[in-house]
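Okay, so subunit A shows up in both of these, paired with subunit B first and subunit C after.
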Partner chain A sequence: MDISIVLIVLLVGALVTYLSGNKFASKTALISSIAAFGATIISLNAFQNGEDLDVNLPWISQLNINFALHVDGLSLVMLVLTTGLLPLIILSGFITKFENSKSIYALMLFMGFAMAGTFLASDGFLYYIFWEIALIPIYFIALNWGNGDVEERKKAILKFFIYTFAGSLFMLLAFIYLYTKGGSFDITKLYALQLTTTEKTYLFIAFFLAYAIKIPLIPFHTWQANTYSKAPAVGTMLLSGIMLKMGLYSVLRWQLPLTDEVAKAHVPYIVGISIAGVIYGAIVTLKQKNLKKFLAYSSLSHVGLIAAGLYSLTFEGFQGAVLQMLSHGIVIVGLFYVVELIYSRYNTYEIKEMGGIRIQDTYFASLFMIIMLASVALPTTFNFIGEFNLLYSLFKVNIWYAVLAGTTIILGAFYMLRMFQKVMLGGETKSFKKISKQESIVLIIVVGLTIFFGLFPQPIIDLITPSLQSILTQIK
Partner chain B sequence: MNTTILLLLFAPLAGFLITLFFGKKLGKTVSGAIGTAAVAISFLCTLSLFSQINAGETIATFKLADWFSIGNIKINFSFLFDQLSVLWLLFVTGIGSLIHLYSISYMHEDENMHKFFSYLNLFVFFMIALVAGSNLLIMFIGWEGVGLCSYLLIGFWYKNQDYNDAAKKAFIMNRIGDLGFLIGIFILGFHFQTLEFLEIKALLGKDLITPSLLSIAALCLFIGACGKSAQLPLATWLPDAMAGPTPVSALIHAATMVTAGIFMITRMNFLFDLTPEIQNVIAIVGAITAIVAASIGLVQNDIKKVLAYSTVSQLGLMFLALGLGAYEVAVFHVITHAFFKACLFLGSGSVIHALHGEQDMRNMGGLRKVMPITFWTMMISTLAISGIFPFSGFWSKDEILMTAFHANIPLWVIGSIASIMTAFYMFRLMYLTFFNDFRGTEEQKHHLHESPALITIPLVILAALAAIGGAISLPGNSWLNHYLAPLFKKHEAHHLDGQAYMLMAIATVGALVGIGIAYAKYLKKKEIPVADSEVQGLHKVLSDKYYLDEIYMATIVKPIYMISNFAKKYVEKFISKAVIGLGGATYALSIKGKKIQNGNIGVYLFAFIFGMVGFLVYVFVIRVK
Partner chain C sequence: MTTLIAIIGIGIFCLLAEIMNLKKIIIPVSIVALLTLFSVNLAGELPEITGYESMIISDKFAKYFSSLFIVLTALLILMSAPSYKNSSKLSDFISIKVFMLSGAVAMVSFSNMAMFFLGIEVLSIGLYILAGSDRLNIKSNEAGMKYFLMGSFASGILLFGITMLYGATGTFDVGTLYEASISASTEFWFYIGVILITIGMLFKVAATPMHFWAPDVYEGSPTQVTAIMSTLAKVAAMASFFKLITILNSTMEHRYTEVMIVVVIATMLFGNIMALRQKKIKRVIAYSGISHTGFMLMTLLNINAAENNLLFYATSYAIAGLAAFSVILFVIKNEDNDQIENFNGLGKSNPLMAFIMTIALLSMAGIPILAGFFAKFFLLNQIITSGFIGLAIVAIINSMIAVFYYFKIVVAMYTKEPTYGKEFANHSEYYIVGIVATVLLVLIGLFPDAIMNLI
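What follows is the complex of A and B.
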């Protein structure tokens, strides 16, 4: 067997979901996504037993373009993140009644397919195709099932589309250029190219534009808050939980190894921009009135820290970045789900119209609180491991980076506790229907994963270490 | 021994889980009993470890599991049971058990009593991790964990948003310190490639780190300690933390958690010994905190606020001792303070309970006769904290002042003045609360009563300890110094000479002066503190706490809010426009986009990709041929 099984399950799942009709779509999608997760776990197991799971089929042979997928520890954890979160996100959709549900669930699986492909592709052209295809389903999901005024929504989604699409064009140019140099899109061949510093500088900038928009880093982030607030919860989860990790992952997989010494020379600037994003994001979060925008900006802050770790070009930074991609993915899905649960009762995202929920549903409040505390990286949560690694890696570069980026632990606590207080605490104001057992499943899984990997992160570290080491050697 | 350690660690965690998940079904009394038993089990286990170590058995390190690796640094869930940690655990779990017992009665009216015990158990669990951890990161787990429990318990009555504000403030101010702590951990981890206390200690002599970096590390750790132990400038959260139920104030915000900073510095004593300039900083910060907090305590009218400022002030004295390198003296005062301050808080709780929530001493008075046990136990503790011979506080405070006298006279003067103030405000508290006539309502007067046994028994035990606790470290023949000796660098003990007796005499006279003024004002002249609106001059500065909160609000919090609003309103829009304006191509795309915003952009995308593929095929196929 090889790793394409996961992609096939997702693609077939999307098709079957569409065909199963509106009545059964949600359940079919859930089963398909769980099957894909199962296939991922089996692959993971096979990989650890030393099996070769790579795929290499000739595709456009005249052009030397192959359908090539490569499996290593790094791509596997990203795959686990994708197929692991997908069932959770689909399950989150169960609280919403979607019109034409067969389409939205099929699109979700299709997006999972494209994102999984992005993480696996080892041929630059194939990678680019997957990268772009992932945009299509999220575009339609946000446009057709989003909330708020239709015209405003269209504007926001279009802005998002143009932003990311424009960024990708630069990446396409970079790939075409690389192809002209080596006559191949194969990643190992591209790694081996001898490029001048000038060439690398242009490549670095081209990749940077694509990824900085996707991640997003300031000042390329202004599409984010609006898109998050207009898209339906499942779309926001796909975006923040998985899709933005495509950018981070690609920095590690494509940008840094291809532009080694140029990347090194730019450490102070890029890390500086990333850290500025950490602080700026946190400060802007503080006064957000819309809960979804609040989470968008807090995510901007968190993701800035991940990017800073990547661009620190240290092993600890890479390790922390990968761990934090996973933990951020889990927690952000939990948080957006919480928001959606509140929305399903109060029909609003405005923070000032909430309050007094804890007194009515302490069970919900406890789960929310644990997820909130994970998001502020309390020790023994998964996020702490990532944040500790990331801050330590910045410290290794320069103590002031760690101090400045470290303000996230203060500011993060500030805005999160403030939000929790306004949304959950205080006396009863509006009646809140207690969440059902079924509604709490997603939250329980999120809480369980967060604490479990907070206590036992080492297996993941062992899995990714060889890939990260080899990327680091490629850079040095 | 391993079973004992496992039981010690996990009994409170089990208590937490049981009371959390089944507390409602089990009922209030059973939940309370389980919560109390869980801590009592830990106490018994600690006693067993204590007797083993006291008998000269080797120190136990206990590795539970691997946690994670970062670079070459391996971090484990491992624990260190040596003289220091076991001694600390002894009073944490001992006093913890008493306060749990007390809470069964005190919290019985509260509908969420099981939650209260659940949080309290969780607190004890994290406190054990903090104290027993064998590396900096396990300590950090406990450190942040107790901070979380403190947050949960200050805001226990979460309907009241003022209490929530206090809880939030405590958490955030602690996090400021925690950032310092983390940076300290990074420095040590980077240079020693380990976070284990014993390994760092062994590596310190090997020149792996420059002295200046070592000082920065020590300073960073101290910043962490300032947050947790409420030292200036991070002190203002602790008085607000009195919003929590009184047993919480006694356990967390007086006897145990707030001494974590002292524990950390004592644990890392080998590091601080090498950084004398940071020791000076610690001593000065401690002394200033001691006198500033004591002076605010002079004019407080809320019985718990008096005790809170007193706690900050006493912690300051402990830091003074730490800064002078007298770790065992600081530890001694931590222990005696835990006894008498826990007793005082629980006593104040007993009073508040009897008055149905009244905390303003202006509305108390004359309670001595109706609440004799509460009165006498609090009186003993007040004598102890005031430093009256032969109560425990006399011995420990005397040692701090004596150490200060030998090191630096101005520090001794500041410490002595703070102690005189302490004697004054504590007796002011006693006179206003227990003497003269009752000043509350007739309704309250009718219901006045002594508290039930579950409340008075812990009071009596703690008062007894507050009375005789000094015996563990008598001058010239100190069991404590001998017990802790293996941990610290040897230094000469002060002899019990004429000078020492003279210092004791001065301290005693000072305390008596403080008591005398309180006596004259509040017992003889029967003065009642004026209403808040009539307060003027220096008195007003003190009762407004030197405007520290207002200063922080104006210089830090408000500016952050302003920047946040500004960024939200203007910067975001500006960036959005600037970025779009930068790329003409982007603009052109958006025009095209607008034309096809009927939802067909996906088709456009497909067309684009396949067009690109076609283009590439065309170009390259031709080129290849």
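What follows is the complex of A and C.
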């Protein structure tokens, strides 16, 4: 058995979903994604037992390109995140009636396939292909099933596409350049290359463009809020829950080890940009009137902190970043689902038109409350562990980074609580239909996961530590 | 040589079939014959005939490019079948297409400059006729006239270049010309000849600044003829240009390289930027074809290992073009109106055709995992290896610009509402060509080795 089984399940699932017709598409998609998750768990188990799950098949012989997948703790954790969130995202699509639903569910699974491939690929070229393919399904999901005015949506989504496409093309150049140096795209061979500082600087910039756009870091973030608010809820979840983690993961896997000394020399600048993103995101969030945009900017702020941890080049930073990627992925899916639940009742994303939900549906309000508190990293939630590590790593680099980033966390708590107050509390203004059991499944799973891993993060830490250590030794 | 004779045999059959009252079987028979020829040619089982002053050689380059041309012609003939349903000149037009194929094959397998010129003239004259073949349409007349005037002028320059070569060496033979090109004691007008030939070929492939005929001619010609121009004619001219450079200028001088780089950049940029503002689909395809020419011209900058890259790019470009034109023919029933608005709502009214068009455009834009991506990748790999990193960045920027206008069509198909009462040309031929081309695009993308290891 090897890891390609997960990819095959997802790809076949996408095909079967498309063929199963509009009526059964959602259920087929759910079953396929759960099957993929099951396959991931089995692989995880096999990996823990020391089995070799790697794949290495020749693909393009003339250029020495292989279909190579490599499994280590880091890639497995990301794979679990992808295949674990996918059923949740598909399940949360159940509250919306999609026109031509077979296509959207097939596209979602296909996107899961591409993202899982990105996390697993150990051949630079294969990695690039997966990275790029992931863009196509999300483009069509956002274009066809998004909300708001068609003309505006088209513009926002085309901007997103061109932006990310442009960034990745520079990454392709970087890969080709590395290939001309070493004659192979294999990650271990690329790691072993001896490059001059100038070469590394250019490579660093090329990779940085691709990843800073995808993550996004300021000043490359302008596509984000518009795309998030125009895309359908499932699309936004895919984007914020998994896709932006592709950028963060790639920083760790490809950019830092390949450009070690340059990365080291630029720690202050890049961490500075990341922290500027944290602050900027938090301040802009305060001003938002649209709930989806609100979450988009708060996400910008959170992701900035993760990036700061990564670029701090400390073990704690890496560890905190990976943990925070997981917890942010889980929580943001929960939050966007909450927004979608409210939207399905009020038909608006405007914060000022909401309020008084708590007295009508306490159960929903409590679940939302826990998720919201997790997002501001209250202790005992999963997010706390990640955020603590991240701040600690910044503290180790320079105390002022930690101070700056720390204050914005207070700001974060402020805007989150204020949002909760405006949306949920107050007297009854509009009637809110209580959420059904089926609708609450996603929320319960999200809450359960955040609290469980908040109390027992050790298994994840044990899993990722060896691979993070090896990356750190590669950077030296 | 045998391939050429077989093609001409098919062409003569098409001419005679009408006299023998076999009009109905012209298209099926010629397609089957071409496909058979394709497989026999690819398998290399044709007996070789030597002699005729050895004006034809069949090396690997000739073999694979002519195979590509044969399969393209077969699909193009199939695609043009609905247009000739009620035409009284069926056999003429089909035989012209087959004869054009013979010209294209001669252009890649010549070993004598006379043969080369013969080939390019056979191809061009066929195109002049076809461009004006919609006799009663003023635009078609204009296109034919324009193309003829400009094309014959370019042919004149080309011929002048060939006479210069003859003047310098006293022969048309390719082997001798190659030796003359690398010898130090060659007369200087040999190089004038090379430059004139370069100018003529830049016209034929529609590279900036000799591209002005392309958009007008593409727009005015009947759509199925535009398909031939943008696929078969373009890649044939490109392959033959490549072959000429390997013969006449294999040790490319620095100054020549510099000029070529300028031409490449200008071609890519001009094609892409002009395509952004077009409202008519045929003009978009024309300008995007110009920018693809720019990409293909990059293979000339380092010809040593570029045959594969050119073959790959030409194949993926031509097949994507076929797929796109099958949809364009399907959508633009009325020849006079080829506005992009016609594509509005195609995703709803005919998802299959919209899908084919999307795949074709994504492939042209160079999105993985389709053939077009690998074409661009191999090309970038080649030029970065040869040290033209700046040029690679320009190419990358052009790929981004291209996304704008390709996606404009995609967006029109999926987000706009269909025009009420819009009728499509529902012919099974368009579906067949579209599906075959789409499958090929995906297959080539999944197994790029199949083409990359050929030459």
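Quick note on the criterion: the second predicted complex is superposed on the first by the 476 of 476 C-alpha atoms of A that agree within 3 Å, B and C clash if a C-alpha of one lies under 4 Å from a C-alpha of the other, contacts with A are read in each partner's own complex, and residues count from 1 in each chain.
Criterion: a residue touches a chain if its C-beta (ideal position, glycine included) is under 8 Å from a C-beta of that chain, and two chains touch if they have at least 3 such contacts.
Just so it is clear, the structure is predicted and the values come from calculations on it, not from any experiment.
Trainee: Applying the document's definition of touch, where does A:Y177 land relative to subunit B and subunit C: first, second, both, or neither?
Mentor: second
Trainee: With both complexes overlaid on chain A, does A:L15 touch subunit B (first), subunit C (second), both or neither?
Mentor: In the superposition, A:L15 touches no partner, neither subunit B nor subunit C.
Trainee: In the superposed arrangement, does A:L472 touch subunit B (first), subunit C (second), both or neither?
Mentor: Neither: A:L472 stays clear of subunit B and subunit C.
Trainee: In the three-chain superposition, say which chain, subunit B or subunit C, touches more residues of subunit A.
Mentor: Counted on subunit A, the partner with more touching residues turns out to be B.
Trainee: With the two structures laid over each other on chain A, which partner does A:V267 touch: subunit B (first), subunit C (second), both, or neither?
Mentor: neither
Trainee: Between subunit B (first) and subunit C (second), which, if any, makes contact with A:S61: first, second, both or neither?
Mentor: The second partner, subunit C, only.
Trainee: After lining up the shared chain so the two structures overlap, which partner does A:I5 touch, if you call subunit B first and subunit C second: first, second, both or neither?
Mentor: Touch partners of A:I5: none, neither subunit B nor subunit C.
Trainee: Which partner does A:I129 reach: the first (subunit B), the second (subunit C), both, or neither?
Mentor: Once the two structures are laid over each other on A, A:I129 reaches both partners.
Trainee: If you stack the two complexes on chain A, which partner ends up touching A:I445: first (subunit B), second (subunit C), both, or neither?
Mentor: Touch status of A:I445: no partner.
Trainee: Tell me which partner A:I359 touches in the superposition: subunit B (first), subunit C (second), both or neither.
Mentor: So A:I359 only meets subunit B here.
Trainee: After overlaying the two complexes on chain A, where does the subunit B footprint on subunit A coincide with the subunit C footprint?
Mentor: 60, 62-63, 129, 132-133, 135-136, 140, 143-144, 154, 158, 161-162, 165-166, 172, 176
Trainee: Can you tell me which positions in subunit C touch subunit A when the two form their complex?
Mentor: Those in contact with subunit A are residues 308, 347, 362, 367-369, 373, 377-378, 380-381, 384-385, 389, 392-393, 396, 399-400, 403-404, 407, 411, 414-416, 448-449, 452-453.
Trainee: If we count contacts the way the header does, which residues on subunit A are in touch with subunit B in the complex?
Mentor: Listed in rising order, the residues are 60, 62-63, 129, 132-133, 135-136, 139-140, 143-144, 154, 158-159, 161-163, 165-166, 172, 176, 218-222, 225, 280, 283-288, 315-316, 319, 358-359, 362, 373, 378-380, 385, 388-389, 391-392, 395-396, 399, 402-403, 406-407, 409-410, 413-414, 417-418, 421, 425-427, 455, 457-458, 461.
Trainee: Under the stated contact criterion, what part of subunit B meets subunit A in this complex?
Mentor: 66-71, 115, 137, 140-141, 144-145, 148, 151, 155, 158-159, 161, 164-165, 168, 171-172, 175-176, 178-179, 182-183, 186-187, 189-190, 560-561, 563-565, 567-568, 571-572, 575-576, 578-579, 583, 585-586, 589-590, 593-594, 597, 599, 601-602, 605-606, 609, 612-613, 616-617, 620-621, 624
Trainee: Would you pull the subunit A residues touching subunit C in the complex into a rising list?
Mentor: Residue positions touching the partner: 59-63, 125, 128-129, 132-133, 135-136, 140, 143-144, 150, 153-154, 158, 161-162, 165-166, 169-170, 172-173, 176-177, 179-180.
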